[in-house]
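In order of appearance the chains are A, B and C, and numbering begins at 1 in each one.
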Amino acid sequence: MTDTALSTRDLVAGYEPDLPIVRGVDFRAGQGELVVLLGPNGAGKSTFVKAIAGLVPVHSGTMALSAADITAVPAHEKIRHGLAFVPQTENIFATLSIHDNLRAAADILPKDRRARRIADLYAMFPDLAARPSLRAGQLSGGQRQMLAVARALIVEPSVLILDEPSAGLSPKIVAEVFARLQAINRAGVTIVLVEQNVKAALAIADRAVILVEGQVRHEGPAAGLADDPIVAELYLGARRREAAP
Amino acid sequence: MTPQVVMDGLITGAMIGLGAIGVTLTYSILRFANFAHGELLSWGAYAALAAAGALGSVSGGLLTPIGPFSFGWALPIAALIAVAFTGGLALLVDALLFGRLRDKRSSIIILVMASFGAALTLRSLLEFIFTSKPAYYTKALQIALPLGGGLRATPDQLLSLGIAAILVLAVHLMLTRTATGRAMRAVSENPQLAGVVGIDVRRVVRTVWLMGAGLAAIAGIFAGLLVQIRPQMGLDLLLPLFAAAILGGIGSVPGAMLAGLIVGLSEALAVQFVGAEWRGAVAFAILVLVLLLRPQGLFARPQ
Amino acid sequence: MSVELIGYAAFFLTMALSFAIICLGLNLQWGQTGLFNVGVAGFVAIGAYVSALMTTPDDPNRFGGFDLPIPIGWLGGSLAAGIVSFLIGALTIRLRADYLAIATFGVAVTVQLAALNLEHVTGGPFGIGFIPRPFAELAGNSLLFSLANLGVLAITVTLLYLALERLVRSPWGRVLRAIREDETAARALGKNATRFRLQAFAIGGGVMGLAGAVQAHFIGFIAPDNYQPMLTFQVWAMLIVGGSGNNRGAILGAVLVWGIWAASAGAISALLPPEQQARAAALQIVMIGVALCAILLLRPRGILGEERMVSRHLGKLARRAAAEPAAPQTDSQGASRAENA
């Protein structure tokens, strides 16, 4: 078994102290893996990754980055431990230029590395390098997603978490984004992906975890899972329960 | 309309603009109307008064007017002390009150109410310590120098304009070119995302308080120098400050200064045509017009 | 118990109850509707001045002086304040909470300026004196006079309280509450949220005007200095201490805070020499300001306040606030987002 990059133990989390949305989740992403987190609406997938990022209060349980416990680490320091998070919405600073978006992220690096990392990312994302002083709010949906990912990569994270990066994007752009993520993963970055686009996500993932009503209901290799009846069961089953009066 | 009106308006406007920069920064990052901001001007003015008085009693030479100005070295030194002191005061009030209310996720209304209470407390404290009698930094009178074109201004006034211009430029450069400035703009737009990106939002909040208070202190000192020092001075400027910050567009530093100048000029014009008693209503009129016609202000933060 | 003490107690209660009327008006605006009025003093002033102008005898230096009976003055005062509230509300009601605060603050400043400068209407800085007082025939017997006035005020407050409670529980009041709790749902049901809010704002303003008129006739003279931000602050303190969103809380808060105010003022004047009185008064305000901030920190819902006013939508508000951009939004969503907390 590969080394663990990111793990949680019995994590309970939620916005309100008396209303846990994540209800005891054990999770593990191995070094270099691409793990996708699936589940019906309201399952708590977003809340789970936000809790890891420090944006949602943790009620109990622990989380670790490699061997280091990061449960109590404040949100703005998670990135210094190598954990980068790309939220689903509002994941770039629309009022800042592309360049300033990247520089804001690079500001936590030591001075000598900043310029080089930004240059590296411009090389990786030539679309962004084309007009760096453009205000980020004027970018298209797909370009924003690229900027958000680029921003997250500046600090050379060991783990990259993305919350529904395909949301609101056309299938062609989704394919581009996912291709990028695959490339980044192959370069050694562990990726945890929350997705509603089951098919596209499973196509690039190593492993999948299915969350229903705040708990893990299934986990295993991604290969073949798309056609596995258990996926339909968990999705449709949950939906059938939702539909029932 | 005499050109002198324009001069007077510009000078008042520059002071309002300086204070409005502080308001626009704190407003855009802390996201509530701080009714106590005016008191930072008053406290800055009084802190400088106290410090200058203390320095003057230590060494009388510090009170001798420098060159063409009406004040001695005691005042600039006292100003630095006052800026630091007012910054500390702002941090203290935030630590005791606003920060705690933010941590409890209190609504905007509670925050504004608390700022109202803090304003009254701070103002009355000044009244208690110094009484409400007007005070002055210096008894030296100033002659207004002709500048050409019918304009006249005292050296003190020109100095205020100059320093205001320098400060606006400095703050603008800081916001656009430095890491701290980027962090402030990021937090102003989206504090959650800023945290995700690695920005320590609490530290940015502290920085904003220091900057806002520092600018307010300087504006207060100039207001005290050019007019007079009273415990009510902050309250009297509060509506113009808010009007200017909103007219300029919350979060825009150049906007705040430009709007401050507009408010100052409008007040001066109003005094010409309607009479000095109505001065206070001008800011209100501007405010209502802005809120009705273009509430995002002149340099709205583009979405 | 000495006659003086009863007389003083009657005076104290009468003043406290007049503040209670203001609080009831503010409660309608804030507690029931979530509108943040930081210009209370202005609306009180309008009621006071209009009533005074209607009921004082003719004065050659000044407009007004129609020498009308007192109840007409009260009616006129509250109508005037209500109309002005309606107009101001029409302009500003869609603003988000803090912009509404700034705007209403501006209203109060402007009203005070007008009172100060329109000498031919308002008597300028000296104000208006010789305002007729209820039961003036009893003026000779101070105890009876005080008690009679207290009676008038007690009846007024009681009637007002009953009327407002009725209003709150009426279908109109229920819609108002629905709008406060979840504006989107209320709108989906076809309720024009802005119209209801405006009505509540106007009625609340009218109540404040009534209080101004009542106070004017009780004291006998008014001046612009009576209507400073301090008054607004006092009333807010009363509502917050007593419990916002609650008519009983409004009355309780008024009596309590007025009691504390009067007691501390009394202590100061008793303990300190006359030269120090002004400074001591400032210190009194400092202490009360600190106390108000403490209450906002420790128990923002006050003594009788509803739990829901503060805590129910906090989580939602915090999340929305985290997600929303910094630019102001004048849609009423903005107003309701803030008021829903």
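We adopt the following convention: a residue touches a chain if its C-beta (ideal position, glycine included) is under 8 Å from a C-beta of that chain, and two chains touch if they have at least 3 such contacts.
Since we're looking at a predicted model, the values are computed, not measured.
Asker: Closest chain to the protein CA centroid?
Answerer: B
Asker: Quick one: name the chains whose C-beta contact count is the highest of any pair.
Answerer: After tallying contacts for each pair, the winner is B-C.
Asker: With chain centres set to the mean of the C-alpha atoms, which chain is at the far end from chain C?
Answerer: When every chain centre is compared against chain C, the largest gap points to A.
Asker: What is the distance, in whole Å, between the centres of chain A and chain B, each centre taken as the mean of its C-alpha atoms?
Answerer: Whole-Å distance between the two chain centres: 43.
Asker: Averaging over Cα atoms per chain, report the distance between chain B and chain C in Å.
Answerer: Those two chain centres are 30 Å apart.
Asker: Determine the centre-to-centre distance between chain A and chain C, using the mean Cα coordinates as centres, and give it in whole Å.
Answerer: Here the centre of chain C sits 52 Å away from the centre of chain A.
Asker: Can you tell me which residues of chain B touch two or more of the remaining chains?
Answerer: 189-190, 192, 301, 303
Asker: Please output the residue numbers of chain C that touch at least 2 other chains, ranges allowed.
Answerer: 315, 318, 323, 325
Asker: Where in chain A do residues touch two or more of the other chains?
Answerer: Residues 90, 94-95 of chain A each touch two or more of the other chains.
Asker: What residues on chain B touch chain A, complex-wise?
Answerer: It is residues 179, 182-183, 185-186, 189-190, 192-201, 301-303 of chain B that touch chain A.
Asker: Can you list the residues on chain C that touch chain B in the complex?
Answerer: On the chain C side, the touching residues are 30, 34, 36, 38, 91-92, 95-99, 101-103, 105-107, 109-110, 113-114, 116-117, 229-230, 232-233, 236-237, 240, 278-280, 282-283, 285-286, 289-290, 292-293, 296-297, 300, 310, 314-315, 317-318, 321-323, 325-328, 330, 338-339, 341.
Asker: Looking at the complex, which residues from chain A come into contact with chain B?
Answerer: By the definition above, chain A touches chain B via 53-55, 74-80, 85, 87, 90-96, 100, 103-105, 107-108, 135, 137, 151, 155.
Asker: In the complex, go through chain B and note every residue touching chain C.
Answerer: For chain B paired with chain C, touching residues are 28, 31-33, 35, 97, 100-101, 104-110, 112-114, 116-118, 120-121, 124-125, 127-128, 131-132, 188-192, 235, 238-239, 242, 246, 250-251, 275, 277-278, 280-281, 283-284, 287-288, 291-292, 295-296, 300-301, 303.
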